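As written, the chain order gives the labels A, B, C and D, with residue 1 at the start of each chain.
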């Protein structure tokens, strides 16, 4: 993997549709005819669902011309093929850097992990905004030069406050919302405003230990591994499409407090992986599941 | 770890009791006074449950005497200290090799793993008996020179057949029953006949995917890791004390059949680890959980 | 992944060549024009080496015709495209089941792992032959109905014996040789007779602990993980292209004997993975390295 | 594990000596006689080296007295038993918080990981000082309120600069030096000034890829896992006692730059684990190896 740069001439095309003959040929032929070079291509067919998925990374530089393809020409050509084969598609030009907002409460380990990875070039995005229901983590936002907005949430104010948050997210032209241990349940209006565009980290190995205080549940059940799950937020809490999961060994020596502490490592790792994959255009959603191209 | 041999003069003492001062001193003093040498000692206190646990491996050879301690003397001395401190205890002499029976149905991967590890000296036990509800795996038993008894189970015959199995297990003086993908739910009489002496492998990462066809559940939920759980069988199905768990990465490319296949590796590994630890006297049960000394 | 069957109409095409425009399009167009459907396609470009690699799984059933493509037609069409783009290529029809021979000495864990996985359908091959320098493992071969030939090796007889082995391998039409803890160093004639067709398991995490008794080296260095490496055998011992590696945690409690025992698990896992990937046509070799498509 | 607090009345005693009878009894009897309660005890005997190791965590509160034991009394009693059995020993009172200095160059991932874990209570130490040969990371030190001193190093100034560093470390009463990707080789004077008190992270799975640019070595060898090694610094570079190692999967898709990036995760994890274990008094050194009690 080579990390894309903002002056990059590379692009990623994500396609999904009903399986039928000639899809790979149609897509590669499309790009070849435009004089564009495929850098990386990965394809998957789910035989039982009869669904086809493809991810193509390609170069926008037109062969033998020295110039970059005109965006309208490219879009028109893709649209033509996509319509013919009834494809859903998503084109991401690496020079169009996605804009990510992070929601936090008081816990900072996932936030720091995202910010540090972003600074070291691992996350292909801009992070202009952090939203929280508490003021506690503002100093971190300041260190990294990111706007920090506080929207305290009570039962009564929730709907109104979230409405303000949605407006702010739009104002900042946010493409992806990451809930980095944000301890509020999002209401339907927020989820519907950013479909497949909100990633949450759940501090358990779903579907085990749904609901509150999963580490205490894990402790009292005496499990030997604890886990974390990154998933897209959907209307059904804890039921959205899973992007990534991992676990960590624990033992009888670990108190609930130790589980919380050990859980932090796996939470931040799993969340950051899921965010990076989403930003790299590796994740496709279907049937409440994900295809994650590596 | 040095594997114990049948002519070994080593022993393992497992102790659990309410926490109170002087327990470690009392136990080590006991062995020192008898002229016995501690080889390895591990101790754990659960502060919230106020429970004390210790595992001591020691040599039965009496210091400066050239001879091995008399068993009655040893038992008497332990009993005296244990009574004084209200300890539950279990003494295992390595020369007394435990006798293990394996229950199977038609699937052979866990059975083979146990038999091969046993033959290469990894499991400190004899395996005189395999019981099944199907005749399919008899040839494997024959290859390893182990008696194979078939008890077909139907709804109507279950109680009677299990009664016969219990009698057979007693006749063979079985200390440990291992359910190596035995596809029958044991009835209460069997579980009560071998309390904390039946180890089961559940083909999921409990408590996720309890009940039937867990790999199909995992597939339809779109998880990114599948797991297996080895636990003691108790009256509540899938709820017994967990001894070991592990997981394996899966992806969108895996069909339910692939999950079953990949699951086999983690099932056999997890089950064999749990069995080896039990046989090494590393596992203590309390509050439906386990202490596993390493 | 769906395991191929012998009556399968699927095929795998492996291609490598210098990178240039239009390769993906040329290959997908080729198959589309023949009326063949791509099931799975994975592609990689090594930018620094300017090399292109692709693996295409496709169906031999001709679209809308009800019949399977004629092999000569297919080969001719591939050859035409391959010649035009100076591609190296390898076509594997899943109905042509590869034939694998296993070399062993006295240790049986890798052998058993391969044979059991083969029997449960995880390895797409036939295993007609086991060769050893010792008679010890013949009973295992018998259980699985496989020919077992013993060629004792001494310094003086090595060249002659290996010559006989090569002849035998040819007689059995062997496609792949797997050294499953075969404790002899192959001479150049053997390696040259089966280029990129001999897989060896080295019982260390190469390039650490090259040479003899790696577990004892690991013990005296006090490492915290031991590993194993599966690689193609080349003229430079321990220097062939690596297919797979993995490690296992060890601690100060482990004696050299324990390391050997724990190492067995990682050896057999790593070897079996490498063999399965080779048989599935997932491995391409270049610059003494491998591309392993997943 | 419960993290020790500065007002804690707990202590850890680490003991090593030649193996002989009665050591466990002598130590537990010692504490019992003083009215002190053992919280946790772990013991190991290396039979081949005939060495005995024990770690005892105990409470300084004297039974039935309501007060904490007098330090001189405790030391005297330990000294008496230790002299009798020729034990090396180390007593750590949790109220005496160790003082740690971190050496860095320009890379910040290990530094951040240590500082964030420290702030969340995972590392039992104070961190009053960061030393660097470059000014780059000073802003991070400021954010965390830690003194940052720059000592530029050239071939000619090295000895003199290190002498100043040693003086500064003494002035700050530093107990542990952590080299968090400090890109200078320490000279002998520094290592001898802090024997077994300097922890280094080596960005490879030692002993593979010793020396410079290990990720480039790993890339050109085509390995499938990269690793990191935390060890005590000794006069022989890369040869000190290993405290912890881990690896991460890589593939043909990873460029040397990707390996560097992926390596950061395993480097910081491995280093932080090693530092936490050292600070918890879990690590004993002998024969250029470590015992790490868990």
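Please note the rule applied: contacts are C-beta pairs under 8 Å (C-beta built on N, C-alpha and C of every residue); 3 or more make two chains touch, one makes a residue touch a chain.
Because the structure is predicted, anything quoted here is derived from the model rather than measured.
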Furthest chain, CA centroid comparison against chain B: A
Selected interface, A-B versus B-C, where C-beta contact pairs are more numerous: A-B
Centre-to-centre distance between chain C and chain B (centres being mean Cα positions), rounded to whole Å: 37
Rounded Å distance between chain A and chain B, as computed from the means of their C-alpha atoms: 42
Residues of chain B whose C-beta touches two or more other chains: 2, 44, 47, 253, 255, 294
Chain C residues within the chain A interface of the complex: 2, 21-26, 28-29, 31-32, 35, 37-45, 47, 63, 294
Chain C residues within the chain B interface of the complex: 1-2, 108-109, 112, 116, 120-122, 143, 253-255, 257-258, 261, 264-265, 269, 294
Interface residues, chain D side, partner chain C - complex: 44, 46-48, 205-209, 221-225, 227, 241-247, 251-253, 255, 287-292, 294
